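Once you scroll down, you'll see the structures, which are given as structure tokens.
Same chain, two partners: subunit A is paired with subunit B first, then with subunit C.
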Partner chain A sequence: MDKETFIEQLREIVRPYAKNQEALATINTSTDFINDLKINSANLVDVVLDVEEKYDIVIQNEEMERMLNVQAALDIVEAKLNEK
Partner chain B sequence: MTKEEILQHLPYAPPFLFVDELEYIDEEKVTGIYTFHADMPCYKGHFKGLPVTPGVLLTEVMAQTGLACLGIYLLRDEIQEQLPTVAMTSAHIDFYLPVAPGETVKAQATKIYFRFNKLKCRVALYNTAGALVCDGTMAGMIINSKNE
Partner chain C sequence: MIGNDIIDLRAAATESRIDRKGFLEKLFLPEEIRMIREAATPAIFTWLLWSCKEAVYKIVHRNTRERRYAPQRFSCQVEQDVTSTGCYNGIVLYNQHTYCYQSFITDHCIHTYAAENPRLIQHAAVFTKQAAGENYADFMQEVLSLQELFYKDDNGIPYILHREDGRSMPVSVSHHGKYCGIVKLKDFGKYPL
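Right after this comes the complex of A and B.
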């Protein structure tokens, strides 16, 4: 999966949870879910669950703890999809 | 873990303990009972001359039953003396009927998921007659020191 496609799909996943819609409009690999998009830690769990559903993968606790920005999400999802 | 032990692990005390007993609990669902005693101070001011149980307290009954009690049960192998620090993170509740002073209510909660330290439940509250008082969804999180 190419990076642009992933970022577009991720943008739609985080849209309901992102408090900062301006940061959402300019989302890129360095966008931080908590500091830039202002998603709280409880809603970040829902983001991760929605990512699991979208890509039909299972994310582990330690991966969840690392999944704090778009690049980390991309790395984790790509690795999971390659394992399939 | 018995239902009595779950109540002993709750991090609440009067006047902010809103579960009298647990009627049922398993990994997926829980039912708790609470009586709003007519001498509670909140009735003096909610409302002036017309005592009605505040919706936030109805919400609290559902949260203490559906999030705290069920959360303790789900974590029963990990917790020692007291529940780790918890926080309610969301509540979307619709209200249908008022609850008068002295009424006994029954809170029911069904787990939607428990993942990454977040417990999300479908919740409902019924009055003594068995009529639906309020329902909705709510979630809470365990706050670990590394999350701070």
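Right after this comes the complex of A and C.
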């Protein structure tokens, strides 16, 4: 999966939780879920769960710890898909 | 060090589905999930425990400057459950350190504040307000004395600067939905952190 495809898919995943629509429009690998998209920390777990469902993967706690931005999410999902 | 977290229960009810598969399991430890399931009001208990983790996370983040989404590293214990008054207190364990917290719950709001030790929490000045969204500037002005100036450092961590002696002290700000919570220390400057 290429980076652009992933970012587009992630944009749709985070859309319901993002309070900053401008940051959502310009989402990129350096976008921070909490600081930029203003996703509530209690909703970050929904992003993790939605990503798990979308890609049929299981994200471990140690991975979730660093899943604070788009690049980290991309790295985690890519690694998981490569394991398959 | 002090930290606080506020939860607008009506906003939480619309923003989160705590009964979705995996929600509790990712955020809470098995013992915490047991407490939630056995609680008279599981939803309120869920947010009570979440607010404890968040309040202590703010202390840890202030100390370490490290950001992590690791809610299961924070282990919550409720020591006193005074349900009739809506007041709770207890401890949160994180990285072999014990933090203490106090919470009060009204119909639509949970406000939890935490400190690194029991002595410090007695000196916390706690303010809760039903305010408009993230616009807490007016509320902050109500809370500050004339000698105090609110600012955030490069990491976005909030402080109060005392104009007369130039010293800075930590202050914790939390907002969610219609509510805003602020915790600072009483008698500015008396308590070494």
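Assume the second predicted complex is superposed on the first by the 84 of 84 C-alpha atoms of A that agree within 3 Å, B and C clash if a C-alpha of one lies under 4 Å from a C-alpha of the other, contacts with A are read in each partner's own complex, and residues count from 1 in each chain.
One rule holds in what follows: contacts are C-beta pairs under 8 Å (C-beta built on N, C-alpha and C of every residue); 3 or more make two chains touch, one makes a residue touch a chain.
Bear in mind the structure is a predicted one, so any value in this text is a computation, not a measurement.
By the touch criterion defined above, A:V48 lies against subunit B and subunit C together after alignment on the C-alpha atoms of chain A. Of the two partner chains, subunit B and subunit C are each touched by A:N40.
Of the two partner chains placed by superposition, A:S30 touches none, neither subunit B nor subunit C. When the two structures are aligned on the shared chain, A:T5 is found in touch with neither subunit B nor subunit C.
More subunit A residues lie in contact with C than with the other chain of the pair subunit B and subunit C.
Residue contacts after overlaying the shared chain place A:L68 against subunit C, while subunit B stays out of touching range. Within subunit A, the residues touching subunit B in one complex and subunit C in the other are 40-43, 45, 48-49, 61, 64-65.
Here subunit A touches subunit B in the complex through residues 40-43, 45, 48-49, 61, 64-65, going by the rule given at the top. Residues 89-90, 113, 115-118, 139, 141, 146-147 of subunit B are the ones touching subunit A in the complex. Of all the residues in subunit C, the ones that touch subunit A in their complex are 12, 15-17, 20-23, 26-27, 50, 54, 67-72, 156, 176. Those residues of subunit A whose C-beta lies close enough to touch subunit C in the complex are 17, 35, 40-46, 48-49, 52, 61, 64-68.
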